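After this come two complexes, each holding subunit A, first together with subunit B and then together with subunit C.
Moving on to the complex of A and B:
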């Protein structure tokens, strides 16, 4: 039986967990992933093959192994770090490997003529990236980065593996204390939907606005 | 914008008044197994306007791209004012130059592309001031002032704040010409600059270029299918076929009295 009272009682607890953990991890890790992803994408293009190949291998390795495993490994390997810090770092690094792929696609979508024009004007490589390539590439990449951020948001319940009190962890606790899981879990689901859906719509609008 | 051919400090002992602007020496270019240029030797004098003609695949665009360092030589040397462009000869050995050294000589060369290649994320004015500010170290004010006078010259001063996508192809190409000229190049490379334009827009672009040719002493290497334009601006036409110079002559002579049957056939096909 679904009890409305329990539902309402769980509301403030889960909203707080949402704001204090889920949102903080998502926003911080997204920013970290967006910066690192860009660094990887540029490094893969600019580094000589002897350095780029090992980097590509490491990125593939991270991308193709499960997130919860990374969480546990880093959690037990660096016990001096708080679980929250481990969560932010692991989510940030893991998703940076996906975002690097998005940036790569964005960079590759820039026509060869743009690079050639920059070279013909003798722009140094750093200036070519900053003034010519990245403003165009990131425009193409932003919507995809937004989608990764939403995916990361939905992965935050994995934090349960390293005992970070995120929303679903709290919902489970609440359910255990009250001998009924359905109310708190339904609420957690609704809160995810409430946050994801408007963000996704926003990303779509952004995508349209950014089109040349 | 008159350029003083001797206003740049010489960086090489070999540089002298007698050195030609451009010298191709035994130039080889292969793409994979396909040889595009073989043992190519030619010289372009200061202030000369040379038009390269020939069937597609004859290597003429490759010559411009090699000069702009957009392609890498597979053999031989290119000298600009006697300075090595990408490869130098030291003790009889062919040595590749470092990117910084290449950049020094490359600054003297400008290029206008078939597809304009303006930066779409910048306004017209930003496109033109970008390199003068960040490569030549001009102040923004100085670069903008110069850019506006160049825009005036190409008839687009009032479009300075437009984005390239708001302009017609012909207008974009005129901006691209202004952008190349803003670097005050000694050598200007024109790679089929009207080939991507609607026929009614070709005239404006060619008029701008004729004006540049008449009012400056910039050395020009031109690849074009516009034979009338070649006649109007160039002092010399070089006919290429299979990566070699088949014949060369002043335009009136080459167009009216081609020596080679291959040239005759080519001219009949394009004129």
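Moving on to the complex of A and C:
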């Protein structure tokens, strides 16, 4: 039933795929999403309504539609990009719409007095954001960003739609070649669990530590 | 531009006719199973004896921690060999994977909402020596229900999006069909049509849950504070890790 030899044979293949694709996409896309999310959150507050409303709609639209379809449309529309690049961009943009919400909550949690004080000192808007609002807001937002990064990590198997050889794709290939899926799929699930659970617990510790 | 719209006009009815059925079937089946799994595991995590709480917690962390696609493939490729019963078929595989995965996230929503019902409510019901079932059904559940709806709202939208993977177990859902239609009408009209349909489904689902939420709150006359807290927590439904506010009552 469960053959230890096949399990051990699959181990290096999946670990390599994990390091070369899953981890690379998760880390780069998380950074991209964290930067873009902040840009969206500030833009939604600072832009005039005529621009902010369409932006809010586009972000809602991306957030409420499935990531695999986003992968497919960018993959077919921009054939000059490598599938891996498409993956990084799409994951980054999709999750930036979630992170923008996290930033928004963080910004809204800042007391009105902070804005008023910045205004009373006639700080220019850029400096108000950089020196007063963001240092406080981002502190409140960090654990939530981490949680979205973990959610993104568990979504990386969607890359199978654009034939990026990530871990689960390799596990399915391996299972097909050896006429037995149980070893490789168990291993893939195990690797996800081993990576995501401790990170989630760590995020929770961080949340408690950063809470005022 | 006009060509684009005529292509979109070709793609939309094609997708509605051929892809919508499997997407809706996976969503509705997944939603029903999700709520059942969430309530059973959530109540077990909050109300069960110590051993049951541990078991429910392990199940929840297992389904949250291993990815949805892994679970889908496991049910599709491994389970038939393991049980020797043959394949479940694509539709049941999809429903089972979606229901179990999102149900595990939902269990955390249910547990959190039970935990948010004020201690006095539990104590009063106990002081009146209400049996456990009556206490839960008449006193606790109506209050917890209102608090869990914002979380379920977010999860339902996630579930609508999650159905996009059912093509991997050979269902002809919207995502699969849009890839077929692409060959005739081109990339943008085909996929934009699919995105529009998904958006409308997610939007309708979200509105329906909003209505339920408003009704539940009106009936209870819930305070602004509790509702706001529930909405805030709802944005964190995908967060993981063991909560530390566990106090078995």
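Just so we're on the same page, the second predicted complex is superposed on the first by the 212 of 212 C-alpha atoms of A that agree within 3 Å, B and C clash if a C-alpha of one lies under 4 Å from a C-alpha of the other, contacts with A are read in each partner's own complex, and residues count from 1 in each chain.
Convention: a residue touches a chain if its C-beta (ideal position, glycine included) is under 8 Å from a C-beta of that chain, and two chains touch if they have at least 3 such contacts.
This is a predicted model, so every value here is computed, not measured.
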Contact breadth on subunit A, by residue count: subunit C or subunit B | C
First (subunit B), second (subunit C), both or neither touched by A:147 | second
Check whether A:120 is in contact with subunit B, with subunit C, with both or with neither, and answer first, second, both or neither.
-> first
Give one of first, second, both or neither to describe whether A:168 is in contact with subunit B, with subunit C, with both, or with none.
-> second
Intersection of subunit A interface sets (partners subunit B, subunit C) | none
Taking the complex as given, what residues does subunit C use to touch subunit A?
-> 61-62, 65-71, 73-74, 77-78, 81-82, 157, 160-165, 168, 174-175, 178-179, 182, 187-188, 191-192, 194-195, 198-199, 202-203, 206, 232, 235-236, 238-244
Residue ranges of subunit A in contact with subunit B within the complex = 111, 113-114, 116-117, 119-124, 127, 131-132, 135-136, 139, 212
Which residues of subunit A touch subunit C in the complex?
-> 1, 61, 64-70, 72-73, 76-77, 101-102, 105, 144, 147-148, 150-151, 154-158, 160-161, 168, 171-172, 175, 180-182, 185-186, 188-190, 192-193, 196-197, 199-201, 203-204
Which residues of subunit B touch subunit A in the complex?
-> 68-70, 103, 106-107, 109-111, 113, 115, 117-122, 130-131, 134-135, 165, 179-180, 183
